[in-house]
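Same chain, two partners: chain A is paired with chain B first, then with chain C.
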Partner chain A sequence: MARKNILPWSMLALVGALAAGCPAREPELGEGLEFLSPVAVGNGLTWVERHRALAWRQDLSTPEGAVRRLRLGPDPVLSVARQGADETLVLSRGQRGAPGRAPSPGVLTALPSAASAPPRVYTLGSPFNGLAQTADGRYALAHFRPEATQGRLLFNPNEVALVDLSQAPGMSNPVLRTVRSFGGVPNRVVFSPAMAVNGRSRTLAVVLSDAYLTLLDMDQPSRAEITVRLTLPEDPRAIRPSQVLFDTNDATLYVRADASNDIYVLRLLPVTPEGPSANDFRPTVNQLAAGRQPTDMALVGAADNRRLLVVSPGSRDARVLDARSNTVTEVPLEAPAERLLLFEGAAPRDPRSAPRALLFATTLGTTAVSFVDLTDLEERRGRNVETIQLQRAVRGAVSLPERQAVLLEHPTDATGGRLSLLDLVRRTASPIIADTALEGATFDEDRQTLWVAPRGQSRVGFIELRNFHPGEVRLDGPVADVITLPGSPGAGPRVLALHPSAAGWVTLLDGRSPARETARSFRGFLLADLLEEP
Partner chain B sequence: MGRLKFALLCGALAVACGADGSRAGSLPTPPSGPGAGDTMNGGAGRDAAVPLPPEREERRNFQTPQAGGRYVYIANPRRDTVAVVDSRTLAIQTVEVGDQPTYLQTVPGRDVAVVLNVGSDNASVVRTADGASRVTFLPTIPGATAVAVAPDGLHAVAYVDTETTGATPRAGSFQDLSVLFLEEGRERSVQLSVGFRPLEVTFARDGQAAFVVTEDGISILRFSEVTAPTIIPNVSLADPDSRTLPIDPPSTGVDSGVDAGGDATAGDASADAVGDATDGTTDGARVFTQVDARDVSVTPDGRYGIARVEGTGLLRLLDLQSRTIVALDAGTAVTDLDLSPDGTFALAVLRGRSTVLRVPIPMAFEAPSMVTRTELPGELVGSVTIAPDGRRALAYTTASPVERVTLLDLSGGAPSLVRLRKAVRAVAFAPDSRTALVVHARAAGDPNDPAADLETRIDRSFGYTLVDLATRFAKLQLTPAELGPLGVVPDGTYAFVLLRDDMARVAQAHRVSLRSFTVQTLGLGSPPTSVGAVPLTMRVFIGQEHPEGRITFVDWATGASQSVTGFELNSRIVE
Partner chain C sequence: MKTLTISLALASMVFSALPAHADARREARWHLRVGADTDWQLDRGHDALTRNGGAWASAYLALGRTLATFGERWSLAGEVFYRGSGRQAVLYQALDTRFASNALGVGAQLRYALAPWLQPYGGLQVAALRTDLTVTDRGTMESLESGAWSPLAMVSVGALLQTPPLARGSRVRLGLTVEAVFRLGLPVGYDLRPETPSDETLANDRLPVQAVALGDLAPVGPTLRVAGVLRW
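Showing the complex of A and B:
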């Protein structure tokens, strides 16, 4: 195993001693290093250190894993990869003023992977701590997550900032807004895919709050938000929207909410805007009964006949909801289900490829799963359900649709293996003896291999999905996480094992032929030039 | 026979219903096999000692959404609001009205609704334009349970409708009503006293008067004369001074006196009493007696009222200007009476003679010889329904499981039979008079009994038949549940039939093409209660029973549907 020690560990003590001997040291120098989870972007990783507001960009395409440092806005709290772009987005909350230190606003920094491209800094103003982005990475929405304190005398928890990441920062980018509140604060923000509403494609931000949600047209950020209540004012239920699906063909949103047995169907209907700040669509709410305690849902059927499949463990059934006609079809289940996975494939008695679903539970201790054939489900109902016994409860599942399989995780005390592979076509389950959980499992880019990193162990495990061959690689130290990187020209995907180290320690593995012999280790890169201004 | 009280769409089916509302099991077993009942002669073919039940009218009423031109209005008594649904955008606004808004009517074709607030004894007039609604309040009589709105929307009458709603006034009188003057900006109401128990309110074609049919007769409300609370005298249907003219000369007008159904004729004692219309126990005083007037109608010009007297052969014509009555005696019981849409004639059915009389108004009441008769030998007919154009009518019976109707050509052609597969419960015409929809009765028994033959299974099923009047082509459509409200869209292209069986979890609507007779079944999420058309957006709404309120809009041309549930939630969407 090759090593690339950029800075010896002993330097850490030296840095500390130098800092301690300086009476006018910067406050952050007295604090330890605190890194956010590294973000894999392009050919490398982006590391963000909170107290010093620094980003390290590590280029793993070079033999030495070269790093460069970048200055961020104060108090970075979140870093993510921008969808569809080789950029890292870092959300910084800014800082309050203090003697000798001017206050600075919260900012969103877009860090391109290419060294030649300068960072873009979007001034948000407020100390946001939540960020959501659209699937295409064009828009981001910064918001406050519901926390008791935000470290400011005053803050507006319903303020949001709409950022067009495809445009340079400017006076109108980002757009700051305060969404209407019925006493709650945003819990989460989800974005729609591009969907045609009133003849125009647009992206909607859906801000989920307790008992209501807010719609924002990201393509028209100056237009008013639309607030949709999910309960009446006198209703004491804590209806918290938890899942949103979008039917882009019908301009319809399906919202599942905790503590509600109904699915809320929001159809966006065209209207003539009454003013420049008014929207050209308006939602209508439709409530459809979804059994007791619905826990998961998915859209099924062709675009012109879209319906919603819902699993409700409380009523031990699945339901097909047709929002156009308001019809609800109950499909009784022998085993209660909490989750559903859609797939297209054959069945033991039906060689044709057809839409089907796997229904299972992960918290109920149920040892059976249900296969549901979705064709003519409303007419055939229970006749389209086949229940198979696994003999073991299911705790988690990873869908492998291209392999017509699902990797199931079982409780640790289960006999016969902690993992099993459920063949969706044959409807059989094969145990895989494993000493790890699926939590944190990750696919490589082309989904050829599934990687796991048992926390605290000096090994990474993998399953080649081509033949379900399992394997592992021993490393030099305990592994905290595993990250996959896309392949570079002429090379396959790579896998990074992250080792717990304040100085930075990663091991790079060949994703196609993982072996200790070909692994490269990089250490200490986060301490390089630590005392120098970037 | 009066008009059917189905909940109808705007420009709705003209429907007459003869069944008694009885459900499965209440009907005699129908004769089986082709031609069953063909040999009947005034009930022949049955035991003559077993009387037929009377031809009875079916009345239905729902506290249902009502449509204006573009908006649909739904009263919510629990929240003291009216939900106003935009049929174009499905946007909903809730409008605060009075206490317990319960009974609501719209002005045809206009976005104006009148709702009675039974808890606050007033009415709210809701006017909607460009998505905004304004409310005006008018006092009404206490306990009003019905409101009738004039077609021109300038007047309405609020009254206690004990027949339809079963309501009784909390205390007070059955004889009060309120006239609501609805001209925008000049709204007011006036309380009046009328005859006992108002049954129905109709309006003159010119909108200048309303006619309140009561048990005592007809009260005429001439709006221009209503300025303050006053008494509105009745024009009684039992005026002892009225003349009674026999339709048939005495030498030819004699029959057995009782038809096979046991209907009394004018020759019996009871008919004499009604004909005299006096109470013999009084001492020389001229006392109006109670008559069981049925099928009371007023001609569209408001000039005449016409009624039959139950159990007799008497037809009474009231001249509403001179307040005089002339009676015709058909010589045998009239089992149904239907006024033509233009009011120029009426059809009276003599079930005991298998005859339909055409009675010109008013001429026949001066010259009984002008009455023309259509005899239908061998047919049992007790009810009649005239098409909206007045050119055709269907004669049939709801008292016996006869599986055919007789098509009458009112322009002089010969009658013709239309064979059906099931017994008749009600008949409806499309507004263009091209199509009729026959609602069928259902025989007792399980339609899915494998031991039953096809004919029996059909008889045991719910269903309806579409009849093309030009060709007499008939198409039977069986249904999984009893027919609920039905209606047809204003252009007459489609009819909508609601089907509901809560036990069997049937909640459907049939979208029926009145051109091809094809049927599209629309599944509904909850039991349908009402149907109506919104002309401006060419949509039909289907109100449904749902705790939060649910309504489905159907594009009547394409069948595409959209639903809204939870009127309150929708009204609280904020932009």
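Showing the complex of A and C:
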């Protein structure tokens, strides 16, 4: 009887032991996917998935399109190409602690494109969600963007982290700072080009808040920031500064605000620093009237005679502001304008190449554009303006300065084509019948071809800009977006059509001779190494 | 699993309680086994292809014959077998995976007749294993697939529980085998490619696609095999 009882109990023990030894499935395999926009860097693409905190680096310089998978800091929220370097910058917010999960700080990861170079991880500490970088890619500034919640019990919205990307991470890199606040939070950060102030070249970070801005000297991160109010202390208006131009020869900043009729001119004057943490410059603020609701501005004139051209649709004029003499010259316009594009070229009645501007509106329904000759504009004013009737409203514009042309987008109900090409020299507009919008249109690196990807269609369209010949390539699946890659040695520029797919699907096109015959696809690359140990 | 354990326990008690028939030692030569394998995967890569990372079930079908006897208690049997399974899972809430595994092979068992109703045995099996993996995007319904052949070996120890002959003069018996198996196989690499359209015109029109390497899966791990047996 005892022998009869052994067998069932033995089997039970065997099954139990086997079941106990079987681990559960990795939880992250059941979580959803959320990709950040892919970033074209060097010879490939970088894809970042938020929930798994993974990056895939796809090298398209080789026929097999080798894929490398990299682990990031938790909760990546932003990925961008680093200016001037073959690197992708990924900002991760970190994570709060939870049972079985240790808290981790926010980090900025620099992912080099070369497989041999290891990633650099800059510990930021705070869960920043905004990032700005200088034009040369040397400095980055992490900050908080205004959002309803940051997912933390406490956070300081005026905290920023200054990162020197040319240096390795360390105790003094990045530098954490809290910018002085008058009750607001940073909306945006812009960087100056290298500009000489008090005899020394430096890069300034300009933090834009609702009614003030803050200047940080990136070359001297330990020095105090300078906060400049743009309204009086008793004025509660949020004027929202939105555009900053830098006159590097005169150490001057021009600031336009969305809810102000004035342009703010900040001249940076040299001073003797009072201590090691004090600055060696001080801004003075001047306000110049710029009509009603100025919407765009550009610096014109030679370095020793720099002026500001502003368009103000509310007062139906353009204005030339001279900050040195504090003078404003009004230039009346027949058609109100919201935007301006500067170009150098001839005109129908002036074969000499000269500085000129195209003024147009994109939201007012205006069917005319204005050409403005900038030479002697203050003296000749309205006589330097020529208005051209397009018969169609303009919704968007893409400047093609190398081609002396502007590609205009018209509303979908416009007759005569949804796109037209405005010849800046002849001042004529030629329609291009298009089945797509300019939204998402992209140039290849040397601006020889303009590419468009109508969402949901299995084709990409292009216009060769040397002869404005349009064409299209049929692909194997619907296209979500199109990205251009720079050329590599021995090869011209390449274009990537992105197809919607959770597994990853791109089609690579030859940018010089786009055709189905020379295209090839990469599919499933986001599953690369899926079966390997996590 | 609980139901299986209770069933096994009950079956073993039933067999052991049956009275020995007068010609119980009249040995059957052929056997047919139909059963189920429960696999435990040691390679964590299988997690991506299963819903919960737990045990995997396979169907098992074998036809065998006693090849030789050694004395009154020892015997050697050979069998050909088929083992197949298919499983589905959802990956990242966006992809459906299907993983099919089919093996065809031969094996040998060395049995010892401990009692008329109980024969412990040890076995060795080798097979050709075909595995096919399909990944389908839930949004676009586009599929990628991969397949591979690989060798598979299995070593086992188990016990045959059998009834006496069902009729006087007959060799026909019913039985149950319970087997602990260990599977050994070489790692198999999977390279995903798009599914080829059945329409030849469409298939020839597709753009060339670079395959992507998913990594390797090693079909290694323990298995519990329970099978019903018909012997004659």
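List of remarks:
Keep this in mind: the second predicted complex is superposed on the first by the 501 of 534 C-alpha atoms of A that agree within 3 Å, B and C clash if a C-alpha of one lies under 4 Å from a C-alpha of the other, contacts with A are read in each partner's own complex, and residues count from 1 in each chain.
Just so we're on the same page, contacts are C-beta pairs under 8 Å (C-beta built on N, C-alpha and C of every residue); 3 or more make two chains touch, one makes a residue touch a chain.
Bear in mind that the values here come from a model prediction, so they are computed numbers and not experimental data.
Shared-chain residue A:Phe525: touches chain C; no touch with chain B. For chain A, the partner that touches more of its residues is C, with chain B and chain C as the two candidates. Once the two complexes are overlaid on the shared chain, A:Pro500 sits against chain C while remaining clear of chain B.
Legend: residue contacts after superposition of the two complexes on their common chain; A:Glu64 is shown touching chain C, with no touch to chain B. Applying the stated contact rule after C-alpha superposition, one finds that A:Arg403 touches neither chain B nor chain C.
Once the two complexes are laid over each other on the shared chain, residue contacts for A:Val271 go to chain B alone; chain C is not touched.
After overlaying the two complexes on the shared chain, residue contacts for A:Leu230 are found with chain B alone; chain C is out of touch.
By the touch criterion stated above, A:Arg282 is placed in contact with chain B alone, chain C being left untouched. Judged by the touch definition given at the top, the superposed model places A:Asp322 against chain B, while chain C stays out of reach.
The part of chain B that touches chain A in the complex is made up of residues 89-92, 507, 522-526, 544, 548, 550, 552, 560-566, 568-570, 572-575. Contacts from chain A toward chain C in the complex involve residues 3-4, 7-9, 11-12, 14-15, 18-19, 21-26, 29-33, 63-65, 67, 475-478, 499-505, 507, 516, 519-525, 527-534. Of all the residues in chain C, the ones that touch chain A in their complex are 1, 4-5, 8-10, 12-13, 16-17, 38, 40, 43-48, 50-55, 90-95, 135, 137-140, 142, 144, 159, 178, 180, 190, 192-194, 206-217, 222, 224. The residues of chain A lying in touch with chain B in their complex are 180, 224-232, 267, 269-271, 278-279, 282-289, 322-328.
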